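A, B, C and D label the chains in the order they appear, each numbered from 1.
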Amino acid sequence: MNSSSDAHPRCEGPKPSLLQKFRQVRQRSVQIIETLSAEDCCAQSMPEASPTKWHLAHSSWFFETFVLEPHEAGFGAHHPAYRVLFNSYYRGVGDQHPRPRRGLLTRPSLAEVLDYRLAVDARVQALLGERGEDPVLHELVTLGLQHEQQHQELMLSDLKHLLAQNPMLPAYLPRPEQPERLECGPTSSLVWLSFEQGMVDIGHSGSDFCFDNELPRHRRYLQAFQLASRLVTNAEVLAFIAEGGYQRPELWLAEGWDWVQAQGLQHPLYWSGGAQTGWCQFTLFGQQALELQAPALHLSLFEADAYARWAGARLPTEFEWEFALQQRPAALTQMFGEAWQWTSSAYAPYPGFAAAPGAVGEYNGKFMVNQYVLRGSSFATPSGHERASYRNFFPAATRWQFSGLRLAK
Amino acid sequence: MNSSSDAHPRCEGPKPSLLQKFRQVRQRSVQIIETLSAEDCCAQSMPEASPTKWHLAHSSWFFETFVLEPHEAGFGAHHPAYRVLFNSYYRGVGDQHPRPRRGLLTRPSLAEVLDYRLAVDARVQALLGERGEDPVLHELVTLGLQHEQQHQELMLSDLKHLLAQNPMLPAYLPRPEQPERLECGPTSSLVWLSFEQGMVDIGHSGSDFCFDNELPRHRRYLQAFQLASRLVTNAEVLAFIAEGGYQRPELWLAEGWDWVQAQGLQHPLYWSGGAQTGWCQFTLFGQQALELQAPALHLSLFEADAYARWAGARLPTEFEWEFALQQRPAALTQMFGEAWQWTSSAYAPYPGFAAAPGAVGEYNGKFMVNQYVLRGSSFATPSGHERASYRNFFPAATRWQFSGLRLAK
Amino acid sequence: MNSSSDAHPRCEGPKPSLLQKFRQVRQRSVQIIETLSAEDCCAQSMPEASPTKWHLAHSSWFFETFVLEPHEAGFGAHHPAYRVLFNSYYRGVGDQHPRPRRGLLTRPSLAEVLDYRLAVDARVQALLGERGEDPVLHELVTLGLQHEQQHQELMLSDLKHLLAQNPMLPAYLPRPEQPERLECGPTSSLVWLSFEQGMVDIGHSGSDFCFDNELPRHRRYLQAFQLASRLVTNAEVLAFIAEGGYQRPELWLAEGWDWVQAQGLQHPLYWSGGAQTGWCQFTLFGQQALELQAPALHLSLFEADAYARWAGARLPTEFEWEFALQQRPAALTQMFGEAWQWTSSAYAPYPGFAAAPGAVGEYNGKFMVNQYVLRGSSFATPSGHERASYRNFFPAATRWQFSGLRLAK
Amino acid sequence: MNSSSDAHPRCEGPKPSLLQKFRQVRQRSVQIIETLSAEDCCAQSMPEASPTKWHLAHSSWFFETFVLEPHEAGFGAHHPAYRVLFNSYYRGVGDQHPRPRRGLLTRPSLAEVLDYRLAVDARVQALLGERGEDPVLHELVTLGLQHEQQHQELMLSDLKHLLAQNPMLPAYLPRPEQPERLECGPTSSLVWLSFEQGMVDIGHSGSDFCFDNELPRHRRYLQAFQLASRLVTNAEVLAFIAEGGYQRPELWLAEGWDWVQAQGLQHPLYWSGGAQTGWCQFTLFGQQALELQAPALHLSLFEADAYARWAGARLPTEFEWEFALQQRPAALTQMFGEAWQWTSSAYAPYPGFAAAPGAVGEYNGKFMVNQYVLRGSSFATPSGHERASYRNFFPAATRWQFSGLRLAK
């Protein structure tokens, strides 16, 4: 991870056209499965995760449903069954195949899903050729691409979870000499950065794309706070474990403690081994020695919160995180491109939030309960997808995402 | 409910001494079971609810553990087994009897638990006689009384849930000619009250008792908002039902919709009947016709949120609720003494929140995840227990509490 | 246990009249709760067990439904709600209150249930006075008494289970100097008794009462077999434990092994302690040292089967058990009055079995799947209730009954 | 189904050598997947079913473990991980990959599993070439082939279940003009055949292969009985449905009724439609109109038992079934090659049964609890695998096997 990704990403050079972006993004999804078999792409490791094949199909369904259907003259469905099979959760559009049963869809085959992708690609490109200037169409295609980029990251987190279920612990890719992505980079020394109390502006500004949950931009008052200049490392989590962190109820939220006890957890997801034999970590490159200076990954909010309490600190609110980045882009490292960072903020609508009308309005708003916001981005987030105002969100027990933490005080 | 309870409650007349308060509060708990049998007091209707007998014992355990043990010379436990049996969730103190199994404790008998209460009463009163000026002791006894008042309300909500499981739908009390408490009062016409944007102060102020979660008092910036002058009524919820409110997914949060579907819900808890046969409502006075103008009760956050969306409104934040009360105590009716009011605020620590050291610090802080704040108080809240800064909290699916809603925009 | 109970029980002395029997049996049920509180009688420890109060009411419901309703002129229900509340599983009669929720019935109170008993007693006795010679009535009253005796044993096994859930391990009764019943007696040395192959007659004969599942008496061919003269003792089960019996999958049926592993079982139900500290056993007299020479109790079929395999033996079939008793009543000890004895026989209808018409025919036949037959009787079986042809039955994982085993080869 | 398969099958023509049989049987397993994709072969539709790929691997593991390991000089495992991944339930051999997670094994790939098969084939054939006369080796290879034939039928029942989960209801094979197998044939008119009471011999005789659960051959005494000359048809089950069969508790075993209610069942598995729109049936040829005269399939024991009670009959015991076939091979149709036939016999050891020593002894004996015996064979049973003494067995709620029923009286 080079240092430029630590700063708030900005567009440089001539901006690619929407058509160019469309081709790049759609192509990237297919590249992800280059080393995988049809079997690898079909299996589903748990209800929360989806098969790679399903991601490939669903992201095409999104374009078919929200771009082609309302805009293409004489629209006809690629395959009537796909309308239901690959609808994730848009109730305004119709029925959905039950999420926990996505892994049983051996038909359509991977080859048929790739054909579906090509057909949708051709039709969207034709539409863009004809009506590329239509701002509504432009907006929906952009939304579809952002949506697809979200699924590109999920393809990797879901795939990692699947491979980890296999006792042979197969690698997604052979580890290169100089691992560049698919893994976190080393971490610098921690500096506490201080911020004064005061009024701040939170939420997306400007005319670039953002999701509806980043709007409206609005004012907030923040108390003075401190934020760590870098992420918590594996070495630091090892110290937490060594001091009995997973056995001390006073460090945990009550629900977190019940969860840790019920699951019998002793360390982050994908870790194995121990102090005697050495710690290992399952990665997309297969089983590897734990990299001590790398940011800790695959933590739940419960674990992140317990770690912070043990460390005499706390998690930042999402507003502190965003404001700090506005103020100190250079001093804060690892804000993007390493690990998503849990905040203490429950996922809630911004004052004045309004979901888009119609089924596409189900994208974000209906999930605003019992979830917590993560900020930043991970090594698996597609380049250019990250934003200072970006709000990722998952339930507090989620571990299979590329999630770590940054301390606040 | 007289009108004075709508305003922010204030102490009037000469303040009772702590000893007087102690006697009043402790006596009130025993009055609650006057019409109940030992059997009624022993049963547990669900893991979330506790037997009345357990509440009676646990509130005594609290005094024994947090008042007597650290302050009484030569302290000895009333009964060694009670230390575990009646510990609710204080891990810093020792083990707890599993919550879902409280209803299996036919021993100690109700009579033995009442003896336990008397013994604790005598010892606390002796201690207060000797060292009543000790501010630490004063604070802990006050905490114990506030704690007991919370359990007095839970005794009624838990008991109502138990009686409702009995197909004979027995009454806790015969309905008096002029029902005064144990039921909601009528509701006035709705006025939308407007509030300007600006800085506000949130949290408890002054030297009177408050729970740690109401502190520290701190500044917030609020956007302009409107708040309804009264609670949502049963008649209004009937209109929601009549327009298919429980069948329309677009009105619900995704998790709420899954929950409504899985449970097959068609109306609020304790309602029965329907448009043809007339609606009934199970109350502490037994089965009654639904009172159309009374505030709706026993709503979950999910239902409250869906109702608000259907009504073109939203739930207030807890900060809006508290600030509105500061500004308009006279214009806002039913803020207290009718039904707890769901807010859209996730239960979270105030900036700078610190739990008390030791086991008593487990009182509030460790529950600050996946719960939502309710403000105000209900008809079942002991008089004098309510406060403008009071923060009640329950998970979003909770229905058996005396919970309703007030709309905001 | 005196020796006479080892032999097949026979009636001696002048036979009591049905009215006398009715009074004796009905009185005995109420004697069982003499030392219990109303709370003790109300609680339900698990879905398979029932509250003592429910047993008292249900056995009265049985008389009301099957004796009074069809025979009493101008019959009226004692209380309409009781018809459903205290129906166990007779679908032909109407609805049933759900079994797992019997412990939530704090109303009717214990006092009201005892009133219900007295009222039913008076009405049945009046009916017997008027029409005592009616053979159908005679048969139904006899069935009702046999049914009540079955529930008398269940009252004790269910109560023991309830008291065992209480961490204080309260006793049902103080242990007398010379425990006579409510506990197993000592055991003699084991003799293997041999039986030749040949045709045998199985099932009830004669005109005395029996349940429908003991009929018709029919012929079977048995291979030669051996049967142990006595039950397996606690000392023998300790040896099984010491040799790793609960940790060796080769000793267990596959389903039994999965069950033992899932439950983490290491010893029979109600045992605690171990080789170091000494073994204890929870009994109706409270916590006691394990009596080594007493018959092992509270074994599931899975445990009994694993023990037998470890001992180089097997469980007898129910036909071997019954035939052996016909042949060797004097040589076989502990056939009755100590512990029910698991057999390897699945509970199935005898050739030509026909259930009685109407709801009373639901008594036995509909349970003839996935259950196993136990023969003999336990110390808790009411005197006079046992029979050579008696077929008790429970699912293979059942442990809370007074169940042990006798080996066969 | 031609008529010869209705009689007890006999070997005709020169007997193939063991090597020939080995090649035939092993080849047949691979033929089964000819029309399937690697994805089809990898997915697992429920914990009770296994992926086709897993069946292919496990049947090879069986040869590797029980034939090669003890007999091949210098034996080495094909792949160390396969020893655990493809062990089904043989605890004496080592660990097993958890059954519900077989569908997550995207590695080894189908191609690698086929390589595994070829490697095992070559090694077993080499061994047979060297030591083909060794009777122990001969016996184990024969067992391995019989085992593989069992899995060939499971491959089809498991695959059918998987395809039925797909809303597109894909066909395994296109329906041929003259369906010959993979479907049941038409049914003749029902004749009740009568059998006298008397001593019979039950169990396998002769020197041909049989499983250990068919031994020892032993004598039994049977009461007189009647057996239907043919299976129950779809038309007859439709009549049962039309008369409310799935809604009448008096027809069902208590556990069966609870199961039917909990699952909301209204008809046999894979049926859809109804009286108005016409009944359809999902088959290996895809969705088809229900064939009225074909034997009913995919019934649980609970449904078969309820149907028999409704029809005024009962299920035969397994002994009646076997004896009838001995007496009347010509008069009984559809004994083999159509549908497995539920009996009322719990799966239990024959008198004197002894499992083989070592892990191979886990094949049958440890499952002899809470399962019921099915006799005959289905259209999916490999030709030559069926036997008069064959004992198939499944839990009473099993529906996805090719199971029907024949009535008895």
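FYI, a residue touches a chain if its C-beta (ideal position, glycine included) is under 8 Å from a C-beta of that chain, and two chains touch if they have at least 3 such contacts.
Keep in mind that what you see is a predicted model, and the values were worked out from it rather than measured.
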| request: Let me have the rounded angstrom distance from the C-alpha centre of chain C over to the C-alpha centre of chain D, please. | output: 38
| Centre-to-centre distance between chain C and chain A (centres being mean Cα positions), rounded to whole Å | 59
| task | Could you put a whole-Å number on the gap between the CA centroids of chain B and chain C? | result | 46
| task | Name the residues of chain D that each touch 2 or more other chains. | result | none
| task | May I ask you to sort the chain touch graph into line, ring, star, complete or other? | result | ring
| Using the touch rule from the top of the page, what pairs of chains touch, sorted by label? | A-B, A-D, B-C, C-D
| remark: Note: in the complex, chain C contacts chain B through residues 37-43, 45, 81, 84-85, 97, 101, 103-107, 109-110, 162, 165-168, 170
| Residue numbers on chain D that touch chain C, as the complex places them | 89, 91-92, 199, 218-221, 223, 249-250, 252-257, 301-302, 305, 344-346, 348-349, 351-352, 362, 366-370, 396
